[in-house]
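Take this structure, written in structure tokens, and hold onto it; I'll ask about it next.
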Amino acid sequence: MNKKTLFLQGNETCVEAALYAGLGFFAGYPITPSSEIPELLARRLPQEGGKFIQMEDEIASMCAIVGASLTGLKSMTATSGPGFSLKQEAIGYAIMAEVPCVIVNVQRGGPSTGLPTGVSQGDVMQSRWGTHGDHAMVTLTASNHQDLFAMTVEAFNISETYRTPVILLLDEVVGHMREKLVIPEAGEIPLVERLRTSVEGGTDYHPYLPREDGRLPMSDFGGVHRYNVTGLMHDMWGFPSTNPKIAHGLMRQLIDKIEGHVSAVTHLNEFFLDDADNVLISYGSSARSALHVVENRRARGERLGLLELKTLWPFPADAVRERCNHVKSVLVVEMNMGQVILEVKKALDDPDKVFLANRMDGVFITPTDIRNILRLTQGKGV
Amino acid sequence: MNKKTLFLQGNETCVEAALYAGLGFFAGYPITPSSEIPELLARRLPQEGGKFIQMEDEIASMCAIVGASLTGLKSMTATSGPGFSLKQEAIGYAIMAEVPCVIVNVQRGGPSTGLPTGVSQGDVMQSRWGTHGDHAMVTLTASNHQDLFAMTVEAFNISETYRTPVILLLDEVVGHMREKLVIPEAGEIPLVERLRTSVEGGTDYHPYLPREDGRLPMSDFGGVHRYNVTGLMHDMWGFPSTNPKIAHGLMRQLIDKIEGHVSAVTHLNEFFLDDADNVLISYGSSARSALHVVENRRARGERLGLLELKTLWPFPADAVRERCNHVKSVLVVEMNMGQVILEVKKALDDPDKVFLANRMDGVFITPTDIRNILRLTQGKGV
Amino acid sequence: MNKKTLFLQGNETCVEAALYAGLGFFAGYPITPSSEIPELLARRLPQEGGKFIQMEDEIASMCAIVGASLTGLKSMTATSGPGFSLKQEAIGYAIMAEVPCVIVNVQRGGPSTGLPTGVSQGDVMQSRWGTHGDHAMVTLTASNHQDLFAMTVEAFNISETYRTPVILLLDEVVGHMREKLVIPEAGEIPLVERLRTSVEGGTDYHPYLPREDGRLPMSDFGGVHRYNVTGLMHDMWGFPSTNPKIAHGLMRQLIDKIEGHVSAVTHLNEFFLDDADNVLISYGSSARSALHVVENRRARGERLGLLELKTLWPFPADAVRERCNHVKSVLVVEMNMGQVILEVKKALDDPDKVFLANRMDGVFITPTDIRNILRLTQGKGV
Amino acid sequence: MNKKTLFLQGNETCVEAALYAGLGFFAGYPITPSSEIPELLARRLPQEGGKFIQMEDEIASMCAIVGASLTGLKSMTATSGPGFSLKQEAIGYAIMAEVPCVIVNVQRGGPSTGLPTGVSQGDVMQSRWGTHGDHAMVTLTASNHQDLFAMTVEAFNISETYRTPVILLLDEVVGHMREKLVIPEAGEIPLVERLRTSVEGGTDYHPYLPREDGRLPMSDFGGVHRYNVTGLMHDMWGFPSTNPKIAHGLMRQLIDKIEGHVSAVTHLNEFFLDDADNVLISYGSSARSALHVVENRRARGERLGLLELKTLWPFPADAVRERCNHVKSVLVVEMNMGQVILEVKKALDDPDKVFLANRMDGVFITPTDIRNILRLTQGKGV
């Protein structure tokens, strides 16, 4: 079999990319529309030498990948809305304990069980704010399989670089859509491997003492070093502390290691922005319809452009501002009640020129939907 | 003992107010710093004819109050950070099924288990966006016991009026601080009782068909009417539907019943705003320090005012705008990395004049902390 | 029968008002949706001592009222789209010859025969620019029967004051809607009567020599004075001239007598404009739906206002600017592809804040239509 | 006689170009200053195998060319002001029934019969808005014979491409001015021929069902297909319909086929615009005087440019904006009370920098007229 060019579902592409990135452990509990990910990994991961476990529930799945990651394996789980909510408490643990891991959320419609097979992008804000307490978060997404492959690998790379959970926020259309994928050669996409401590066995290893470059070397848990891991505020040895200076320092570390590297983790696609008078901003599958509209209007001479976001959090406010602050209007295209638009408005001097083209009924937003709303927001009526 | 005037902890005040509002059922799992609430209710609630259950975990507690509420009882649970995260999935169910209930979150410090006995206001954004999918949310808070009593009753009133879960977002200082409380006379604060259907037994009851005024009459579950309750998108009978029009209509109902009544659910305290040149905005215990600063500066002739928010969500943007758009500067005082400030900036034409006075180390923010930051944001240097 | 309070169709109200204003002559050719006007006048006008003629076609009808007006009678015709187009050449004659008359156009849908019984407001621009050559025009409209009565009388008053044809631009919904009308007492609305020359018989009467106040006294044609009336450029005796100075003077007279009196002929209704942040602008029947939206939103605390135009031409740009230049957004509500919005955009400094809520399918625009578009133009999505 | 280079009146040039374009039918009623067109065609058209009919009036002429076009012949009529007004109703029919045809309006002065031999450009707005109901319109013009030839051919090309009436809006000076014309070789200007359906006889031909590229193939009326043509709103078979979706779809088709192809039908001449600080905008014969001024000033080093519009409708707002938004001032040169200036003001961010140089007395505007006004609008006084 020639593995170079495949015709896959998005969920399958995500699996191929995770394997490419060096996935060593997956734990999950099947939930539509993400079920193809565990289904395929149950077969593929052992073939590649990794471990696959189907867990008893969503919470256990999240806890399992945190534990596995600490032992030294790149780890991932996959879920959808209700499972993502259930995982929030353990995600907070991964944030606090600084455990690299990747959580795939293939979004479905609505709150609660909602529309299991309907498309939605309603978990954008939750992917930033879903767990309690102050923290920062990285969330990536993609609209096509080639980008999805790259962003999945990037999710692992960022999680290892910054010792943080990373959310890969897909949607039902991207997850189930079949499209051509060319698998990159080994080495074509650089991989960030686990940074292990150079401290030999003994007591000199400080699991939460950053190196000069800010990174925290790890030691495979259960290995040569004994150290503490906790969800409580802790010092450089991992022991709990209520000392305000230590608490403040830890909070700044958790937040700044991400908010201080926005440009390093920002991934965008730009279409026709150079001379655009009006700009669409979109992400995930809705960006496909947005791109269709832009290409169609360009053919007619309209100066319309598209800014596609592949990094949702930390929100690339400076990049959005640089590309859109001067244009006449911005139309954010997303399948929810308006979530990314909240950040776009904050990024621009004139929030009143930012409009929303959306659906939130479980149906994919089409170019026609966008065109109709674009007419209205340009004051052209129905 | 004359019960009219008491000297209580905030958590105890919350209990007294819940009983005043007609609490009929409480389920919970103790967690610092909210544990006094179940502790006291375990004794007080049966005395008043209500039911108290200590559940096996946080999720079960949330599910229990949803079920109890459906049978006709005003229901409540109490928790803190990690428990609040665990409850998010079931909160989404209460949103979707439109079940009135009150969730008290007495915030502690940090993500994960963090600082169990340290103060924080880090769950503001989570209380809006913690569960998956598009939805709206009501979140109330208070800085003193008299307001805490009133806001607790209001939480029940709003939950019954709009058939929605309501978050009562307290913090460790408010929860544990002792202060005088004058219990209102019966009837002094109007109570909103459960709106029950006037449809006699039979099949004519439509659990999700709004009346002309938008309200949804309920029927005690297990009583004369048989009907369906689900977390899936559903029609007016409560049966699951993937019809896009029905899904869209339900989403708008869930969102508009709250976002369309912002002014009706907005509660504020205003101090010296009429002629203020500079305004502090705060809430919860940090508003106590903010008020101290304002009173102190007024005595010196400075035109400083305080806007204290008791409604955090839906965010009272119009009210904030009306009071602060024209002033020279706004200083948001909160104990987190800056959460309410995100909304204040969106509400005002010039976000650059909004500053943050905060702590996030588990220590209470003092008037001195605020004064030092106020000097700096007024360009007066250290 | 007590004639004071009636329950009438709009077309019937127009008839009552024309009789109140002193209508002496009507010529017309029935065309839906204006046919009730000739039908009722055929009976009522002779009862009041006036003359009614059903003509052989639309052009003849227009020519007849020009001739009748010259003999001293207040004259009117009524038509709809295709008839209005056919009348344009003779309307130009009335402009050039400065003949007072009133043309009622009860608009129907679409170009050509279009939708004879569907509603539309598609003739707004045509009522200004439908005839060839430079000129000015007065066009009035109304959304309710009491205003329709007043505007019909005002149409006669303006036509007599400025010796100009006046268009009364109604729409199918206003024309056919039944509503209460209280007939004003005689004298309650002042009437402008024909200004007749004080020159006795002989040759000293100059039909096109303005008085000091700019008005042109008339002499009943066929009476004591012989004078010339022509569609050609002419001098003060009415004789043709190609002298550039005379041509220029006549053009300025035709234009300035109207464009120089914009405020005198401007009629508006204002609803909740004092503190409005966002303003709807509408006219005719669509203003009824707009008002419904505004009252509904005001009840919910939104600062929405309505500016209803009863004078469409000369466009009251200064009045619109005064009321709307400072607001956040303006939504023009009309049943066409966007016609009045073109003028509103010209009147304001920031045309990008002007949006269109419209229908153009022959169906009445409802409050729900407007609300849905208002959401989108406020950036709130669907 | 070598026909390649001729010395002709503009009206004669128009005739030569119509024949070049493949004119097959002309119907008209002579009216100054367009009479040379029917006069010459009465002789020339039969020579070329076409049909010429002098009709009994203006309306009949317009109706005749609509009917002839439906049978498969490229058709044209010519008129001036009063005739153009009379034709408006039948022009609306051609719009609604989507019948290709060309209407030449050689403008004269004033409203009504006005100044039959005086020059004017007073019908610009009427050529857009003269018929009732929402619609779009194409109007072309030219200032010299070579352009007039090209624009006449383009009028036929556009009318066939988009199945729409096209107005060729000339003025008395262009119509009567003699100038050199080099007739292009056959094929030098590409011709758009009638797009006929490929459907064989039978009932499968849908006269109003657009092809994938948006164009509507025609079938010669009276030929192998029976189908309905109406001025009423109609479905894809041409049968009347009041279905709102069909009505809306038809309206959008009539409007978008033109408004959606603005750049494709925009024709401009640009003179010295690259570095211009101040720009004149003009069209038709007045552009000749404007060009004289510009060339004269350039010789003196002034950065003055000229944008000559050959497409008046759909108004090339983007093109005007691109060339003029950044300049210091714009002076619109036209012979009317200010018509094109209304559109120029709408196209630019700062309408206050747009000025008018005009005459409206039947006399040709000269370079001296323009220069005097230019001084004043540049603040240089008289």
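Every chain is named by a letter (A, B, C and D) in the order it is written, and numbering of its residues begins at 1.
Everything below uses one rule, namely that a residue touches a chain if its C-beta (ideal position, glycine included) is under 8 Å from a C-beta of that chain, and two chains touch if they have at least 3 such contacts.
Quantities reported herein were computed from a predicted structural model and do not represent experimental measurements.
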Message = Please report the smallest number of touch steps linking chain B to chain D.
response = 2
Ask   = Counting C-beta pairs in contact, does B-C beat C-D or the other way around?
value = C-D
Task = Would you identify the chain whose Cα-based centre sits farthest away from the centre of chain C?
result = A
Centre distance in Å when chain C and chain D are each reduced to the mean of their C-alpha atoms = 30
Task = Starting from the mean Cα coordinates of chain A and chain C, work out the distance between those two points in Å.
result = 60
Note = Cα centre of chain B to Cα centre of chain C, whole Å, reads 56
Message = Two-or-more-chain contact residues of chain A, please, as numbers and ranges.
response = 337, 345, 351, 359-360, 382
Query = So how do the chains connect up here, line, ring, star, complete, or something else (other)?
reply = other
In the complex, chain B residues that touch chain A = 59, 81-82, 84-86, 88-89, 92-93, 95-97, 107, 109-118, 120, 122-123, 125-126, 128-135, 230-233, 242, 244-245, 247-248, 250-251, 254-255, 336-337, 339, 342, 345-346, 351, 359-363
Inquiry  = Using the touch definition from the top, list the residues of chain B that touch chain C in their complex.
reply    = 248, 260-263, 318
Query = Inside the complex, what are the residues of chain A that reach chain D?
reply = 300-301, 382
Key: chain A partner contacts - residues on chain C that touch it in the complex   = 328-329, 337-338, 341, 345, 351-360, 373, 376-377, 379-382
